[in-house]
Each structure stands twice: as structure tokens, then as C-alpha cells.
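What follows is a structure written as C-alpha cells; I'll ask about it next.
Naming follows writing order (A, B, C, D, E, F, G and H), and every chain is counted from residue 1.
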């Protein structure tokens, strides 16, 4: 179901730093900051959307590269 | 007529409540006559003593229940014992001669008719369930301002389809039982 | 239904006729003596008129169901007796909170508990006001005859729709089961009130629990695009809880205000007073009948007596009774309970008139003779 | 995903009040995505929820929404659906709300096969009230009201719904959002009573107290215990021990309740006019 | 039969109020015979019933008896059993009492596997209130509240109890008193939650209205539709159509609730004194 | 437990301590804010003392369960808040009918409906008396501090056992959740009442609902050979319904009489009056604390004020308040509701004293300043 | 389960003339009277107890011949 | 001391209620000192502003809540805004310097301490959850009649097993933050 695109922190304010996105990401992309999630290695992202669909807080979104 | 009070009593399942309803409904088209019908029965709606009451009046009927009956019908000893005394002086009392001891001594002076209601239903009509109509027929004699025809019409409308004729017959038989005694 | 028709009906059946005449199109409930005939009547009549009947698994479900139906646009009704009325209390409070118009009939039998299921009582009068937790407004009506049952059922729906509130119709078993002649007026002679709905163009700026001038916010049907929220939590005009103190007070004041500002419209009563009464019998429900009979009797003996019939039990007719207490020496309150509404009469009379009760709580009726005795007793 | 989930969320109510790592948000997310895919009309949809953390779901959803008393959502939903069968009616409930106090309504709604879709958030605990055990708390676990370990058996809710008459029964899990989306979508499109249990984690009141850990650990736990329904069916009872199947567990087609009632109306009204 | 059933009946309350031909009396008779055969102590036995014609059963039985609110018998029974696990606790209920308003308590008591024996008098109707349909009224039948035919599906109560966790499930019928006696006896002796559905006829409010007829006809109907469980199990679904199996349908042995709780007490009290 | 111990406890926890001290050995209930701590406390303490705790599927079940346990011989208790209290009403009425001693705690939060679950209220005062259908006696107590909560829990059990009646303990969220120091007396210093039981030799001539001289029939435990019947239907001394009018009246008169004949024993209150008061603040629950504070304050300014603390809410202290009204000009009734118990004060005062209320219903407290203002307002 | 014995109307007053006993009797023994059941052909009775166990009203009892 | 009122406020989950309980319980063995502790929180028991209040007095404590605080601790701007004004003239106000704007202008004349509570917990103690104890330490400075030891003893008894030392450390760090400012 993955499509061309990479993760984006669409609603940074809503992040509750639970780490679920990190748990479900098949590669190393995300890291926990102090008050919100951070994209540490965007280059690794394969756009699988696991994080987007799992994040309980609607923080992440996989977007077309050119968005 | 300021107030005419009728009490029909028997055991649960004998259909006295239906008789009461029919009696009351017979006054429906009679614009002069007000009517209130009430009943009381146990939680099981069968067995025990059950009664229907009908109050007629040309005036407004406030208190809905019988205070002192002008007319009492009783099909069972239990009913008779429970309600037999709660009647007006000179009231009409109709009791089933086969099920209620004849040596009844009413407290007030009453007009007492001991007639074979249930047996008439079983033997003459051949349908025990029509005893209530026999009783109604007997009672109908005494009720002021209500015609036999009005009651017969209501019977036809209220009893289970197919049994209209038997029930009307029973009614007439009951009425006859009294007229015979009176004549 | 454009011609008047005369029928011999039970009070329970008159609820069905009244409901149908008022435009009821939904019934949900659970059978119980002596209210089952109401369910049975609606089960028969509703589908014949395109409405819906559903028998739920219990009374709680019946109450929830009519509130859901009401929010979806229906004119909904349920009917029960004491034990079921107790079970409905939580969801009744919810209906008050979300302001869902509906009618709840309680055909009172003798309580407490299972009590005397087939005998009459007026034992749930106070419960009708205080049965659910927390402060709340309520409207409760109580008829004394079969035709009044028809009329007050229509009134119940009208008040429910007008004020967005559940209206309780308190019958007693006598009224519920007794048969009387009743003339049902033609449909076009009845005044039917329907809830105020918002206009489609109001959609964008819509506050479902807005403090409108009349304190009664317009109510959209579900599925008409308003996409609004309702909750049993305290909420502001948006329908959402904000957890602010002001909101709580504002909401409660509005809920109470919409009723208290319209007491003249809501409180229905009748009286027969000459203005020179020494004693007045104040009654409701089937007991009124004995009161009237007794008053007529003693008047003939020259006693200055009168009667008052409360058709609206809640809100209580404070003003009326207060003035009455100022004028008469004694108010007699006959009740088929151990003394319930008499407490309100005493409260309002505040010592200005003597207040005495006549009480029966064994399933038998208060007779005209009982009332006559009480009237004469203290003369 | 190519959906505008914003349309279905009440943006001004966000972020939601659920705790960090609470699985309820994932279920909510799966629901809005499923709803979007279902093609159902947002304006003709009513979401009804009870009381509990899960019960808060309705407040975040941009539909006609109703947040009712504890355990009674299905009764209100039945009223809504009966009064207007054109509406899509969805109930969101918790394992306490839907299976403890609300258990009777669940079995009776199943029995009626009324066209309502239930999404039950099963976090194995009473979250909102602070961690008392629920009918879905596994035997032996501790909760604030089972300090010495829970001795109750727990329900298999899917079995219960099925044996009561539900015509669509499925189980999803927060660890499998894709599968859950598909499941909910199918449930929404099913005509009849659709019961969907979703496994969701309550790290605050369940996971931490029962040594499973935080949200991430609880998802790992799911990973280790979930089995697809097809696979599960082929296992023998011993193998199944401790495992949980997800997917559509049961679906049959039967006449729906409001349809049947409409039939009654049609018949009666036709009968009447024939008279 | 060689039993002194008089001992178990409150003679002064007889004859009972049930209508002529009502099957409830036959179930009551089977119960007292089964109780006698069980060897249980009459003085250590409590019978609890709800409201309904069936609910009147407790009044005729010479034990400690409790006639509670409609649908709630199992909740009172749970209190009795928990407070004194030495007591034999029996619940008598109807299909309305036990499966409509009382459905939730049925499934939760099943789930707990608490040692209570339930005898549910299933007459497919609300008898006492005059014939409204119950969750056991077959689809299509008429009742006072389904004048145009009942559109509800009905429960398979035995399935429901089983899927909720009951450890003994059986069905008896008034046409098979011998088998019913045996079944009830086994249920009484079962340690854990025993659910026994008994098919009983209500000629007054069900049979006559639904053209089955009076008591005798209703027994004939049973004769034509009952199949022993063993035989039923071997039939394929089509053959089963319309047939009802009787006998012990399910029995497993699992730790009982009050036993488990006693274990908790023992552990905690031991723990405390060890401190 | 033979030595006094001092603890910092919440009111909810004090219910648990009080219950254990009174001999409670059974709890059944369903969690709800702000009463869950009571369930949690009993879940921990009961098995440690050989008692039983069970969490039921809902509040209805919780209520049924404690009545069953009570009849089997247990001292049983349940705890809930408004929504759950509404659900318990039907079975509460049953408990009254079969005269099963038990204690029902309601930690009041703001209603109606879901309301404000974590905020304090005294909104269920009237519901405690009128929540279940039909006339019935009830005892309801309400503490104003943590140690009073302990004491009144013990009293609740004692009254329940003595009079064979459910006793309602009405906390408000403030009292339920506030922490105070409390000294728990040694077990042997507490007076514990246990129900009267029939003697084994009475078995043959036993009438479970006999009209004994004190109107309280002895109550056997299940399983002790009495083989008796109880029902929610009206019944005679045998426990069975006979369907007779006299029985109904006799039963109701006995149920009411056993309470009304013992008002001195049941009604607990405290006051601080000098006998020359112009104004008296009559309060209950947490509101008492502001009343006391305010009275102390205004007395320093020379105002003749006093306070009354009702610990027993129901039966209402009619006589006391009647006499009070005769003596003082004004009675102020502060309540965390829209005015509930004030109705009783007005009723009883019957115009002899002016009665005014102070009302908060938004989840905040009535402060001493509020009471001071009201005291001074009308001087 | 039949044993030596014959049917007896043990509690005639309790009979509600429902006819169930007749329905379940394998031979012709019982007949309905007007207000209660009657033993018409005791000689036919095989003591099977069907009637005793089926009678909802505890009217019938199979007793030893010599009782 | 007639009445000393303390309000500890922050976001749900920051443990200010536990801090309040510990503070109150520390007075348990102090026979001279009465204490009442209350709290308020939203339905979700997390997020939003939450507060614990502790009232001390040598006399009976009637009204249980803070009327006007003698001492206010605030960890978040939201809490600060909600409660910042509701204090006595001359009250002590302790605010987290990293999370609350420094340009606060209290309505009354107050004794204002802006100190890095949360950061001390995170960085110095290495456990963010101990911020409540840092706050308590800072507050403890000002509370009459209650000794540091009494509080430390209560901390040890009330915090989760295994975290006693960290929490005591945090308390001391908080206390130090204030003493340093005062000195």
C-alpha cells in the first residue's frame, strides 16, 4: 500500500511523544524529541504509511515528494 | 336517573369483565346516558374473585366505582360472599342457583333471583363460556334506559367472530330466565 | 380522522388515541401492568399509520430508544408503571440534558417495589420530580378521566415539542383501566405544536444549545446536515463540555428558565370556587372525582366548599396555591398515597391556611364519603 | 493515505484528551479512513457513544453525534435507526460500556439484526474511571478492584455477538491499522448488525499495572499474540491457546430489522386501504 | 414416583395460580423430584425467582425463597452465594425475566461460572402480563405487541449461556418430565454455573393465539419437534431445521467462582499473617 | 484493631474504614467517579479480613447482590454516584420491602445526567427520599468531614441492622475526596449493632414479617432452617401476598412506623445556638463547614447567629426545625443544589420564620463569605 | 421406570381439568369430568407414571396396588 | 497560625496532587497542626489544569479549600493564568522559570520565585517525574510549623518503591533552589 512519498510531521502540536510511530516504522526514520516527534533520517523513509496509520494523534502524514 | 350501579362478579376467567364492558358500551350511542366501567382483578388475571362494575347516570359520573350496588350478579360463592352485602336496600341480586347456596340471607331487603346461569350456558347453549352472556341477559332486565337491542348490537360487535349467535342466544336465555320468574 | 368520533375507551387506550392525534410516530417500551395496553395499542396503530413500534429488552432501553428517535425527528412516547419508571430515571435525566422532546407515561400502581400491580395509586408523584439524580426541570401532567387523558396526552406532546423536554403523564390505574365515553375531536380541531427547527441556511453558524431569547434552541433532525453534538455532560452552546463553571450555571439556568418563564402556559388547572370558600379540596387524578362529588354534596348542605383540580402536577402551581391559602381557611389534599403533593401545598401555604390530607395507600379509592367526612370533620 | 480525514474530524476539538500512546486514537483514525473508503454520506450518519475514554470518540467526529449514558448507546442508536432507517448509525463503545453494563443491549441488538455498526474499543480495562477490571480483563490480571488478581473469566465478545444473532462479526487491533480499516469498512457496508471488536492499548491503566509496559510494549504484545482468522481456523485448540484471531470472523446475510418493519408497515397500510 | 414431593412444596399455597394446562407446574414438579434425587440439603437451599408466572414458582417451594424484581434474580442469587457458598442457590426465571430484561445478568453470571443453577421456564411469551412477545417468541408469531407478526429473531439461549462461559448447559421440556428431572438433577449437582432451559407451554397467552391450540396440542407440538441431543448432533443443518434438541448440551469442569474467591482470601490472609 | 490509629484519609477511604469497623463483610458494586475509591478500598480490605468483594456488571446488579448477601447474613454495602444511584432505585425499593439491612453510599457529583463527574454537589438529596416508586421509609445520613464519614458509616450500618432498612450515606465529592486527619477508635470502643435473629426454637411458629411490638421482625440468615419467603409484593406476616386491602395498609404502616416511632434514635444533628439567635444557618454535608466559619465570623461582629448541622437528612428533623422556626427570625439553608432540602424547611417552618437559600450548582463550593453575605444581607 | 402400581387421584381438589394426563397416558385410563379428572378404566393402568410426572397440578400419583 | 493556604498547580499527570497529599500527610504526627487537602481535576484525570490544595491550621479547619493562597506553585502557564491572581497580598508565588513567562505582573504584592523546576528534575535528577518533588521542596521553605524531616519521611512512604532516593533528592534540590535565591 506504500506509495511514492515520505513522512511529514503534519501536525507537530498534536504529538504526545508516545513512540508508537517509531515502533511500527520498518526503517529508522523517526526519533523522539522532548515535546514532539522528529524526523531524523528522512532519507530512510520508504513511505509505507505505517506510522501515519498507527499514530493515535493524527500527527504524521506521508506526502508526495513534491508536496 | 341520577346513578344506577351494577356489579358483575365471578371467578377470573368467567368473562364477567367482558360482560361489564359490553354493558357499558351499549350506552355508547345513547347520548343521554353517561357510563363508567371499571374492574378489579388479581395479578394473575385468572382465578380468585374478579368483578366488573358499571355505573350509569344521566348526569356526570364523578366517583367511578360502585358505592352501593343497585344490581349485583354473582356467579360464585366467593364473589357472593365478598360483594353480597355491599348493596343498596332494595337492590336486585342475581345469583347462580347451582353454585351459590340458596339459603342466602341478605342484610338489606333485596330483590333476589337465584337462577341457573352456568347450567343454562352449558346445557341450553352448549357453551360454558357464554355464562357471562346469560348473566348479562338476566341483568339487562333491570337496567333503566338501556334497551335489549342496544346490548345485542354490542354483543355482536364485541364477542369473538363466529360466536355471535351463541352469545346472543345466551343473552336471550338469561333474560328469559328472569322474565319467567317475574311473570 | 376529520370527523369527531365517540368511543368507549380505557384511559390507556385514550393515551394511544391522544398520541396518534398529536402526531406520535414512535413508541418504544417494555410491557408492564397496568400500562401494557398502551404498548399494545401503539403496536397496532403505529404501523397502520406509517409509524414505528418497538418492544425493547427493558425499560432502560425503551427510554434510550425514544430519545434516539426524538433526535432523529420522531414524536416519541414510552409507557410504563412504577418499577419501570424507576429504571427509566437515568435516561430520563439524559433526555432533559439533551433537551429531547418525548412523552413518558407512568400508569401508577401501588408501590413500593412490586407492590400491588393491579391496584391504583398516586404513589409516584414525587418520584416524577425527583427520581433522577441532580437538579432538573420537569413537566408532569395527570388526568382524571378518559377524555382528559386524551386531551393531556396531546398537551404532553405539545409541551414536549414546545419546550424540548420530556413530559411525564401520570395516570393512576383507575384512570388507566376505566372505560368512559370519549369524543375524539376531528384532527383539524386540535392544536398540534411541533418543535422549532433551524433553517438550512443557519447551518454554518449553528449552535445547537444556544441561549436563544426564549431559551429554547431550535432543534434539527439528525441527517439534515447540522452535524452537531449532544452529551449528558454539562456543555456550552456548542453542545460540548468546556469544564467551565460559568457554563454549568448558564446551562442550568437556561434549562430551568425555559420552564419557569412559561408557567402560565404550562400549568393547567381547573377550579370551582365561589370566592367565599372556607374549605377547598385540592386534588388530581382519579381522586378529583371524589372531591367534586363531595363538594357538590356539602354545598347542598350550605357548607362553603370548593374544589381545585390540578392537571399539571409539575411544575407545581406555587402562585395559585399561595393565593388560595391566603383566601381560605383550609385546604384538603386527598391522595392515593401517604401524603406526597401535600408537602408542596404545605410549603407554599406557609401557615396561611390549614392543610390536611386524606390518604389511602392500600389499593382502594378515596370515596366521596371520605372527603365529605374530612370537610365536615373540622368545621 | 489519500484521504482527507480532516473532513471527518472536528479539528477544533483536537488534540484529543486520550493519554499518550492510547490506542483509542488509532482506532478512531482507522474508523475515519474506513468511513471515507465506504463512500457513505457523512451528512446521513450518526455516531453514538457511551461513557468512557472510548465514549469520547463521538466528540471528535464530524457527524451528528450523541454521547449518551454509560452502557446505553445501542438503545439510543436503535431509536435513531428505527425512526429514520436512511441514516447510517454507528455506535462507539468500550469493553466496560459495551460488555459490562451494556451487555444486554449488545445481545438484543444482535438478536434483532438491526443495521447498526458497533465499534467496541477493547482495552481490557475501565480506562476512564482509573483502571477497574472489566469483563475483558484477562483472568489473573490486577486492576484497582482486583488487587490480588482478577478471578473472573472474560468474554469472547465476538462469539457472544455471533451466538446472539449478529450477522457480521470481526476483530481488529491497533497494531494492524490497515486490516482494521478494511474490517470497519466492511462492517459499515454490511446490511444488518455488524459487531467489530478492536483491541486497543491502555498503557496508563492496564499495561503498566500488568507489567506489559507502555504503549510500544503493548503493541509488541499484540504482534506476538495476533493471528489472522484464516490461519486461526486451521489451528487446533492447543495451538490457539493464548492467541487471538483478527479479521472478519463471521458474516451471513439475513433480512434486516428496519427493512422487516417497513414490510409490516407496507402490509398493514395496504391491508387497510383494501378494506 | 417414590419421592415425598410434599416435603418440598408449601402445601398451604396450593393449588397454584397457574392456569389449567400451564406447563410451569410440570417444570416445578420435575424440579422437586430432581431436588429430592440430588440428595442436597433442603435447609441449605435458597430458591430465588423474578417476576412472571414462572416467578411465582419460588412461593410454592419449601426452602428459603426470594421473589425479587423483574429480571434481577441472578444478581440477588450471586449475593446469596457469595455471602455463604455453602448454600445451594437456585434461580427460577422466565424467558422474559431471564432473557429480556435479565439477559445481562445471565451472561455475566455465566461468565463468572458461579455455582448457581438456573431453571428458565421458556414458554415463548410474557405470560403474566398477558401475552406480549418475548425474545423467545419465534419470528412470525403473533402476540399482543406483535399483532402483525413478530419480526424479531429469537435467541438460542443455550448457545448464549455456553458462549458466555456457563459450564453446564441443558434443555428440557414439559413433554419429557423424566428426562427433565434427570437434567435438573445433574444441573443441581454440577459445580459451577448450570443453565437449564425448560420448554413449557402457555396455552392461554401463546398456544391459543398462535393456532397451536391448548395444552394438549402444545404437548403434541413438542412431541413432533423435540430431538435428543445425541441424535441432533448427528443431523445436518437442513435436517435440524425447526427441531429442538433436549438433554445435557454442554458440560465442562472449570474452577468455580466462590472457590476461587476463597482461594484469594486464603492467600491474602496467609500473606498478611506472614508479614 | 484494638488501638486507636491516626491516618490521613479521604472521605471515600473513611467509608471503607468505617465499614470494616462496623463489621461489613460484603461489598458489591460498579465503579463510578467519585465513588470508585470505596470499591477499591473494599476490594483490598475485605478479603484480607475474610470478607467478600464483587464487582458486578452494573449498579442494578450491585444493589441486588448486596440484598441477597444481606439475606444470607452479611453486612453488605455498595457505593455509587448519581447515575448509578438512579439505576439502583428499583432494587432499593425492593430492599425496603423485604427489610434487608444494607448501606448504599452515594458520593454526589453534579447532575443531572453525566453532569460534572468530578465536581461536588448535593443534588441527590431529594432523590434519596423519592427516587424509587411508591411510598416508603428511608434513612439517609450525610457527613461533613472525614471523621464524621467514618462515624456515620458505622451509624449507617447500625441503623440498617437495627431497623432492617437500607441506609443511604450521602457524601458530596468534596467530603469524598478531601483528606483529613482521622483517629480511628479501637474496635472495642465502637458500639456495633447486629440484627435481631429469631431463636432456632422459634422455627415452627415463625412469621418472618410479623408485627412485633417494635415493628421490626427478627431476621434469620438463609440456610438456618427457617425456610421463609420474601417478596416485593405486598404481603402479610407470613411473607406471602394475600391480596387483601388490610394487609397492604398494615404493612405500610409497620414499615413507616418502625422508623417514625424511633425518630429520636435515628435523627442525628448538632447545633451551636445560644438561644437568642436572630438568624440560624441550617446546613449539611461539606456546606456545614462554611456555615460554621461564617457564623463564627459574624458573631465576632455581634450578630446573633447560630448554626445547625443535620447529619440525618431523612427522616427530616421536622420537630426540631418546627421549634427552631418558632424561635428565630430567619433560617438560611445553603445547599450545593438549586434548593432541595430548603423545601422541607419551608414546609415545616410554615411561615413562622423567613427561610432563604444559598445555592450553588456549578461544581464550586459555597464559601464562608457567601454565607456571611447572606446573613448580613437581610439584617 | 414403571413399577408395580396404579394411578390414584391423590389430590382431586387441585385438578384443573387440563387433560394433559390423558394426553400422555399410553393406555385409556383417565377421563375428564366436569370439575376434575376421573379414573374410568383403572384396569388398563400400567403404572407408567407418565400422568403423575406430567400433571402440572400434582393431582395424580401411582401407588402400590395394596396401598 | 490561624490558617495557611497552599495551592500546587500544574498540568494533569505532573504529580502535583501527589505532592499535595505528601505535604498534607507530613502533618500527620504533628498533633498541633490540623490539615485538609483537596484537589480538582477534569474528568479525564490527565491534561488540563490540575491543582492540589492544602490548608494548615492550629485551629479547626472549616472551609476546606484555599480562599486566598498564602503560597502558590505553578508549573504551567495555564495553571498560572488560572490561579495566579487568586492569592493573598504578600503571598509566595513559585513558578517554573522555563515554562512560564517571566514578565508576570501579579495583581497583589507578592514574593515571586521563578525557578527551573522541571529542568532541575530532568537534568539534575534525571527523572522528569520528580518535578513535583522539586516543587514541593521549593514550597516547603515557606510552610510554617512543618519540618523538612517530616516531609522527607512522608515522601519515602508515599512514592513508588525504588524511587525513594531520587524523590528525596529532588525535594532537596527544590529546597536548595529557593534557599539559594533567598540567601
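One rule holds for everything that comes next: a residue touches a chain if its C-beta (ideal position, glycine included) is under 8 Å from a C-beta of that chain, and two chains touch if they have at least 3 such contacts.
Owing to the predicted nature of the structure, the values given are computational and were not obtained by experimental measurement.
Path length between subunit A and subunit G in the touching-chain graph (shortest route): 3. Contact with subunit A and subunit D alike is made by no chain in this entry.
Ranking C-E and C-D by contacting C-beta pairs places C-D first.
With centres set at the average Cα position, the gap from subunit D to subunit G is 57 Å.
Between the Cα centres of subunit E and subunit F there is a gap of 37 Å.
For the pair subunit B and subunit E, the distance between mean C-alpha positions equals 42 Å.
For subunit E, the set of residues touching two or more other chains reads 19, 51, 67, 69, 100-101, 103-104, 108, 128, 130, 135, 148, 261, 264, 268. Counting only residues that touch two or more partner chains, subunit F has 33, 47, 57-58, 60, 83, 90, 94, 113-114, 116-117, 119, 231-233, 243. Counting partner chains per residue, subunit A has no residue touching two or more of them. By the touch rule above, subunit E contacts subunit F in their complex via residues 10, 13, 42-46, 48, 51, 58-59, 62-69, 72, 75-84, 86-87, 104-105, 108, 261, 264-265, 268-269, 272. Put simply, subunit A touches subunit D in their complex at residues 1, 3, 11, 13-14, 16-20, 22-24, 49, 52-58, 62.
Residues of subunit H that touch subunit F in their complex: 21, 24-25, 27-29, 34-43, 45, 61-65, 67. Across the complex, subunit F is touched by residues 51, 67, 69-71, 100-101, 103, 126, 128-130, 132-133, 135, 144-148 of subunit D.
For subunit D in complex with subunit E, the touching residues are 100-101, 103-104, 107-108, 111-113, 135, 148-149, 151-156, 159-160, 162-165, 254, 257, 260-261, 263-264, 267-268.
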